[in-house]
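Letters A, B, C and D mark the chains in the order given here, with residues in each chain numbered from 1 onward.
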Amino acid sequence: MIHTTEIKVKFSDVDPLHIVWHGNYIRYFEDGREAFGEKYGLSYLDVFANNLVTPIVNVNVDYKSPLEYGDTALVETTFIETPAAKIIFNFKIFNKKSNKLVATGTSTQVFLDSKSKELFWTNPPFYVEWKKKWLGI
Amino acid sequence: MIHTTEIKVKFSDVDPLHIVWHGNYIRYFEDGREAFGEKYGLSYLDVFANNLVTPIVNVNVDYKSPLEYGDTALVETTFIETPAAKIIFNFKIFNKKSNKLVATGTSTQVFLDSKSKELFWTNPPFYVEWKKKWLGI
Amino acid sequence: MIHTTEIKVKFSDVDPLHIVWHGNYIRYFEDGREAFGEKYGLSYLDVFANNLVTPIVNVNVDYKSPLEYGDTALVETTFIETPAAKIIFNFKIFNKKSNKLVATGTSTQVFLDSKSKELFWTNPPFYVEWKKKWLGI
Amino acid sequence: MIHTTEIKVKFSDVDPLHIVWHGNYIRYFEDGREAFGEKYGLSYLDVFANNLVTPIVNVNVDYKSPLEYGDTALVETTFIETPAAKIIFNFKIFNKKSNKLVATGTSTQVFLDSKSKELFWTNPPFYVEWKKKWLGI
């Protein structure tokens, strides 16, 4: 399961070196993850409607080449299947014009009950259903 | 009632023109307002503890001279008394090193009940008490 | 001259009150201004290519109703003609779904030589040409 | 070589889950790195004065426990020695009040010539001198 979303670089995204400030890629990943989630029913609002929140427990970014003001980023978000009670995505960001690889990365989320904030050690029912629907497992 | 707080310019605050991006002054004002609020018992957490929220209804900034990376801003926050059910602050930002005026501005907040989100057309009891305590009115 | 651009509210735009943090509207205005500029040849890159920079000297925002996560903002950017050596825009932000007015505001920019940083007290040739082309004046 | 810096959580740092938005930790790391750099002569301005820029090529964050509005973060920045032409830092963020571990992470930077943008495959003279001065190697 892969979804690609477009992000135009904003003036306020760019740092004094005239490239997108490295911290903004975390937001680009989040935009990719949410676009994926909206397509496949796994967005923040979807999980929240099921009394869950899915905080990030790890994020990793490898920066390959810079983005500048005027560029458009293509964020390719890939769902990585794991038996653990986690949501793992891989990300590849490309420069739309040049097709050059800009960055790669990963994010890992866990499931908490939205009220008690208790961690799910096994997949919550919502996610079991989601996997059945989309992955047939 | 005036309070001055110091803010060091961060690398991520600075834009491709090598000056603090103009939108970040809104955050500098908020930092000034919160520092004032912590000193005088009018911070976000203080009002929230009294079942109130105080959303911004207007903000205005006049930019006089730029701040660069390495600079430190002095944010001078002045409480402006009004009989209306509003909190009004004036701000002056100075460059700490040069003493040069960097920006001036204003923010205006209203009171809402934190649960019902209903607007207070007259001062809520918390603010009446606050004014009595600090302004003797 | 009016241009309307769409902005999807991001998770990271939203504050603990579950509404778009007020400072982010400055970025929404900038997005509107840049979308206008790209359409009409007045973007940051256009003016920079003419050895000019156009820093913001004033910004004003009136907040009318909140935006929440999941909402889409429509930013309507209107060019305001003035004989002064300034670029003035008015902004109206609407909630796309409800059509409700979310915020109004203004930004004012001046012209500096991109190298000397000297202020233009009269319209630089680029802007004279631009006005002739688009406004016939 | 370790340096600890304090960061007060800002209202605008906090997300709808009432915790610091995960992307902001990248900024907290940068604040820690810059505070280290200012103490030991390895800040952005120091390297830039030596015709170098040091872009981030990797960043990794493990989130352990959340920070809330009103909290203060302690960012402990540790220089990690490597023979490679890289600057590597480890970070530990603690909640100042509770001493609880909030996050750990790493950043890796390389050296580019600030004009030609060419990569240094071996340590540039500035960094050789820096290591001699501070590490005796």
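Simple rule for what comes next: a contact is a pair of C-beta atoms (placed from the backbone, for glycine too) under 8 Å apart; a residue touches a chain by one contact, two chains touch by 3 or more.
Since this is a predicted model, take the numbers as computed values, not measurements.
In this assembly, the chain whose C-alpha centre lies farthest from chain C is D. Taking A-D and A-B together, the chain pair joined by more C-beta contacts is A-D. With centres taken as mean Cα positions, chain B sits 34 Å from chain A. Averaged C-alpha coordinates put the centre of chain B at 29 Å from the centre of chain D. Between the Cα centres of chain A and chain D there is a gap of 24 Å. In chain A, the residues that reach two or more other chains under the touch definition are 11-12, 23, 27, 30, 69. Every residue of chain A that touches chain B in the complex is listed here, in rising order: 11-12, 14-16, 18, 21, 23, 69.
Of all residues in chain B, those touching chain D in their complex are 10-12, 27, 30-31, 34, 44-45, 69-70. The touching residues of chain D, counted against chain A in their complex, run 17, 19, 22-23, 26-27, 30, 53, 55-63, 66.
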